[in-house]
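What follows is a set of structures to go through.
Two complexes follow with chain A in common, the first pairing it with chain B and the second with chain C.
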Partner chain A sequence: MTQALVKRPLLNTRGIIFLCVLAAVAFGVPYLNGAGALPDYAVSLIGKYLCFALLAIALDLLWGYCGILSLGHGAFFALGGYAMGMHLMREIGDRGVYANPDLPDFMVFLNWQELPWFWWGFDMFWFAALMALFVPGLLAFVFGWFAFRSRVTGVYLSIITQAMTYALMLAFFRNEMGFGGNNGLTDFKDVLGFDLQSQDTRIGLMMLSALAVAIGFLICRAVVVSKAGKVIVSVRDAESRARFLGYRVEGYKLFVFVLSGMLAGLAGALYTPQVGIINPGEFSPANSIEIVIWVAIGGRGTLIGAAIGAILIAAAKTVLTGLYPEAWLFVLGGIFVFVTIFMPRGVLGVWDSMVDEMWRLRGMNPRERRLKA
Partner chain B sequence: MLRMFRSVIAFVGLLQLAMLVPAHGQANDDAALRGEIARLAEADFRGVEAVVQSLASTGDPAVTSVLRALRSGDVYWRKSDKLVVIGEKAPGRSLLLTDPLTGEEIETVKKRETKKVKVNNTLRNAIDAALGGLTLRASDPAIRMQAAAQMFAKPEPKALPALDAAIAAESDPDVASAMRDARAVLILKSSEADKADALDAIARMVARGDAEARNALASITSDDAEITEGAALGIEKIDTSLRYWGYGQNIWQGISLGSVLLLAAIGLAITFGVMGVINMAHGELVMIGAYTTFAVQEFIRNSAPGLFDTSLFIAAPLAFLIAGTVGICIERGVVRFLYGRPLETLLATWGVSLILQQAVRTIFGPNNREVGNPSFMSGAFELGGLTITWNRLWIVIFALVVFFALMFVLKRTALGLQMRAVTQNRAMAADMGIRTGWVDAMTFGLGAGIAGLAGVALSQIDNVSPNLGQSYIVDSFMVVVFGGAGNLWGALAGAFTLGIANKFLEPFSGAVLAKVLVLIFIILFIQKRPRGLFALKGRAVDA
Partner chain C sequence: MNAPSKNIEPGSGSEHAQKPSLLALDGVTRSFDGFKAINGLTLTIEPGELRAIIGPNGAGKTTMMDIVTGKTRPDGGTVQFDGHDMTRKDEADSARLGIGRKFQKPTVFETHTVEDNLLLSLRDDRSVFGTLFSKSDPAGRIAELLALIRLEDRRLDLAADLSHGQKQWLEIGMLLAQDPKLLLVDEPAAGMTDEETARTAELLRSLAGDHAVVVVEHDMEFVRQLDCKVTVLHQGAVLAQGPLETVSANEQVVEVYLGR
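Right after this comes the complex of A and B.
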């Protein structure tokens, strides 16, 4: 009981270490790259991993703290990515293959005469950046409002989030939707006047991603340590009881869902310029489930663990798909099974038990130690 | 009695044979034909056309070879005696002459000793019409049917007399009906048909009532108000009936899609219902069933090709056993450790699904595998305005058989009783001495086995590839969520509702958008009834 009343700090030791590591990456990687110790492509790769880390943190806030397992978080990510991709398409201007100043190449190819209304305004960066947050947020709001109000919970909710991303994938595959169909959006030239092909821009984007991870982490952490954070955890552990105590459970869930969706959108918006393409494959249910395993392997309900898990798995994927493409799905599948059965608290959980064990050997109650820290 | 019956049959057979032989003598006929053919020598275009008409009017199949040769410009006459022959090019600017009726070789002469009977396009058309009329009198009813259909598709009013003659001589009622249809089209096409005939023809087209008949009516050009009005009314009638048949076709396709969904979803429904476990590897169990079918067919092709038609009967139980075994392994090896943690189960089974997918890809390769249809499942038949393919029909029947068999297992066997008990109240069932762990394993195995059966059915209509399961998993979840978990009737209603809804939306919105709309509908529907159409009631649900 006493523990519950202690106001937890925004940054504990672990959080500070995490931010320091992020800063080290943000400044160390360009330095190593400049010194020739890191190849150019590695910078973009690290930038991409950082986007995944932000996405994982967003999902951890939702799943780890609020107990809502979304199997459709890839949809928010992809929507953010599309919003940014649309801006980048407009930036190409008349440098496209068909040299049409207004219409992106694929629209000219499909014989469209004018820009559809939902593309209006995307020539302005600030608008696109706003949309990258607003559209995923709106989808999360509408979807969450309907779902939480009628008390769809547990696996049912997971399944319909999966249906949501599946439906979006099918829709975005259609050429008539006006988002480039099968091929998605690609061939970007520059952003805000910076050439996307130049190494400087890539370094800048990577550092921005690191900053975004830091901000995302701080926001989530602020939510978690606040009073609302306590209610959110109570919703995860005993939803009915929280409701009976007079809390508007739906409101809290909706808040977390929308915030998480917007952070995922931000991650997507940073992801698109770094990989140079966004296509409907990002909506595929398999992608969304992979995000879940990042969180699970890192340790849910830790935020930092989610980021670690995302980077670990994404890096393993890069290495293994390069070396043994056949083996990757075996490994990934094995990780799913192994982690859920043997490491329910993830890498950080294993670490914590090891540390506790060490203190116990030294004759100190781990619980007291944690209270002191 | 039997003997008498046989002799009656023999007598009838003889009668039919007798009817096929022309009543008048062969010799007379030949002479008349030869007389006509002889007139081709030195004839001008008009003269040739007259010969063609008169040859055609004999309706004798023997003249087809002459007419064909004439059309391709292979008919010549010898300058020396004006004998009309069919010439075939031979080496050294010479021709091999054969008799126009019997095809007997006569002699090989220099080309300059003969003269060609020339034809122009008008004549070619006339010959085509004549030939069309002649095949109407062929001895094989299939050829006559074809000729009638051809005449229907490419109406040539000049062939009307030949067609009338053919109708009069026709003995097969089906062919006669097809010929009358063709006749109606010819009348509608020709400008000088009389009004009563034209109205009859319109009535006949309306009775036929398909898209071709509608086209025939739409092409009518007549000054007579009554005829044009009749045609317009006819078109309207046909349109209405076509629309209803279109609905019927949609419903049938929906039922067919629904049966596929049902097969894919019932296994899922019982594992979810009984154990509260979402089995994400369910789609891969379906895939295993499909690959089992492929393997069985490969084996049969290589060792006993004659047994190919029985391949599915071997594959089905085998697929049930293999998928069921894999299912039990998954339950014992993974799911068992995760009871009470449904979200984790979902993730672990997803991992299993990835492993199974990659395993199949490694063993069988990433490409689509071809699974053949046994003879009784290929082809289609017409039912009114509906086209029903045999494989779809068999799958609908198969799905219902599986459904009711499962129903029987649940309601009438000890295992079913225990499964229902565990579904309703796990703790109390355990107290009553039911080994819930064993029931879980069996339930999982049963659900997996049914997924294997679904794979056998799907292999008949879909590509067998490592991604087969993935493409059905979301759909089958939707069925379960829509119908309500743990209720077989819910799965049945859910599957057919979604299947039919999908097929009804498709014409308006396209296949992909229809699917999207159905998904959105389900997402909204879940808001209204969070536990599906046929929700289980009671306190156990909230656990």
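Right after this comes the complex of A and C.
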């Protein structure tokens, strides 16, 4: 009788706990808000953190598992955000300052006579939602196609992803691009008939964000535990070995890059209506680097750790930029250096080591236990 | 892909009446920045043959393997493997067509278990979506391989935790899992103890027959143990060929190899 192969389940204990916490947030926050224990603004804030969590999970799939360090992931997030922002602009209709039923205010201001072709279709929600996934996916595909086929790897790839987001930022800053230039897109009124200023809509968006995190996590987890997930880790650890075993490495990298870009776009699409604005600042290289820091702090290659890192750092940023605005970047840099040196596997990695130590003290082999996780 | 090839049309001419060679390099050249790493190399390997390729540093051994596996494109000449033109293939193609390559430094997937290393190597669908929805469960085949490479009790250990020699064996196991027609083995005895070296020679000898095996080696003692036809490369071309005794008696070989 031969031993069966070890298969990792889609949901391990940790995954189930994670989904339970998400559900508790999705339903607990509105309850606390209704009971007066949580201020109204906190609901949108939590919704925003959840979008960051999804963004971090997307980057972790790419960086933690496939070893591709993208320093431009903010670009995919921002493109998703712009796609949704364009729909919200069209939804304003004739309620804008210039009361033009077709043209958003900034176009009237620029003396444009008609809607540019790339704004066509964004009056339909389904189209905008599709574009929020499709446009980041397409950018990831085209960029990845050229980069991976030319076998650009490591630091070089990271640098060109950074250049990509920087170029997009400069482009979106220009008024002629037709995306509101410096000011971006804002003054949104409603989405699908729901008033964006009402607390009920905000609660709904926060709950949707929690759902998106859950779905994004499950998709990434399904990829990671599949045989393709093993190939992806192999590409990270020994790319040439994977090639000489007959795996077309470019294909796997492209798949992960596109999937990750689309999830980042989804996060951006949920982010825009909750913060009420999307502007070229979202493309700034500093934003993309912050995403990398979230993942590093939470723990690379864990998915859940990335989400924890994003929420911890985003919350710390909210608190600290309120108290000592000048100090934030120093604190962030300090945390990053500390984590890199003392906790290379991040918060979740430290937790894992502690649990392993506990099992070892009880005389069990922690690795055999973890294989099934 | 369907380029006319004299090798895949048996009986098309008197000179090709016999069984075609598995691998045939003809007049292959390749230079790097003006340095001719391969210079008119002509070499054939028959199916199931065991062959040792020796030569001093810079003789073009590694470049030759890069060309055969599609990693490097030759500047000129033809490379035929099993009826395919290898000058138009990449590494993944070469693996899929049946060439297994073992690196000098053992290269296994360190963060995977021994079991997963073999699972990923077995012949199966290599496409992204094929692996994404893979349902294959080749437990029996993996157990056989584990027995062959004597790693049954390390099945669930990470490859990173294996000793140097065990990693070499795991990598050989991974190549066998691909069931290749041709095995290219780069200095398998490097860093091995005498006993491991002897066992590796024995393993490679036993593999020949089912697979053609080409061993690139420095260690003459190991080549002696392989007991097979030897090809000496020098400055990117074949200098001498034949049994080890004949080759090592060749004056030119002694000159380039021992630097006299």
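The definition used in the following text is that the second predicted complex is superposed on the first by the 365 of 373 C-alpha atoms of A that agree within 3 Å, B and C clash if a C-alpha of one lies under 4 Å from a C-alpha of the other, contacts with A are read in each partner's own complex, and residues count from 1 in each chain.
Here is the rule we go by: a residue touches a chain if its C-beta (ideal position, glycine included) is under 8 Å from a C-beta of that chain, and two chains touch if they have at least 3 such contacts.
Just so it is clear, the structure is predicted and the values come from calculations on it, not from any experiment.
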- [ ] Considering only touches as defined above, state whether A:344 meets chain B (first), chain C (second), both or neither.
- [x] first
- [ ] Using the superposition described at the top, determine whether chain B or chain C touches more residues of chain A.
- [x] B
Open item on the list: So in the superposed three-chain picture, is A:237 touching just chain B, just chain C, both, or none of them (first/second/both/neither)?
Closed with: second
Open item on the list: Which partner chains sit in contact with A:247 here, chain B, chain C, both or neither? Use first/second/both/neither.
Closed with: second
Open item on the list: On the A-aligned overlay, A:255 touches which partner chain: chain B = first, chain C = second, or both, or neither?
Closed with: second
Open item on the list: In the overlaid three-chain picture, which partner chain does A:166 touch, first (chain B) or second (chain C), both, or neither?
Closed with: first
Open item on the list: Contacts for A:228 in the overlay, against chain B (first) and chain C (second): which applies, first, second, both or neither?
Closed with: second
- [ ] State the interface residues of chain B toward chain A in the complex, per the touch definition above.
- [x] 276, 278, 334, 337-338, 341-348, 350-355, 357-359, 361-362, 470, 474, 477-478, 481, 510, 512-513, 515-516, 519-520, 522-524, 526-528, 530-531
Task: Residues of chain A that touch chain C when the two form their complex - done: 2-6, 223, 226-228, 230-231, 233-234, 237-238, 240-249, 251-252, 255, 367-368, 371
Task: chain A - residues contacting chain B, complex - done: 69, 143, 146-147, 149-156, 158-160, 162-164, 166-167, 170-171, 173-174, 285-286, 289, 292-293, 296, 326, 328-330, 332-337, 339-341, 344
- [ ] Spell out the residues on chain C that touch chain A in their complex, using ranges where they run on.
- [x] 69, 90-92, 94-96, 100-101, 103, 107-113, 115-116, 119-121, 126-129, 131-134, 136-140, 142-143, 155-158, 174, 178
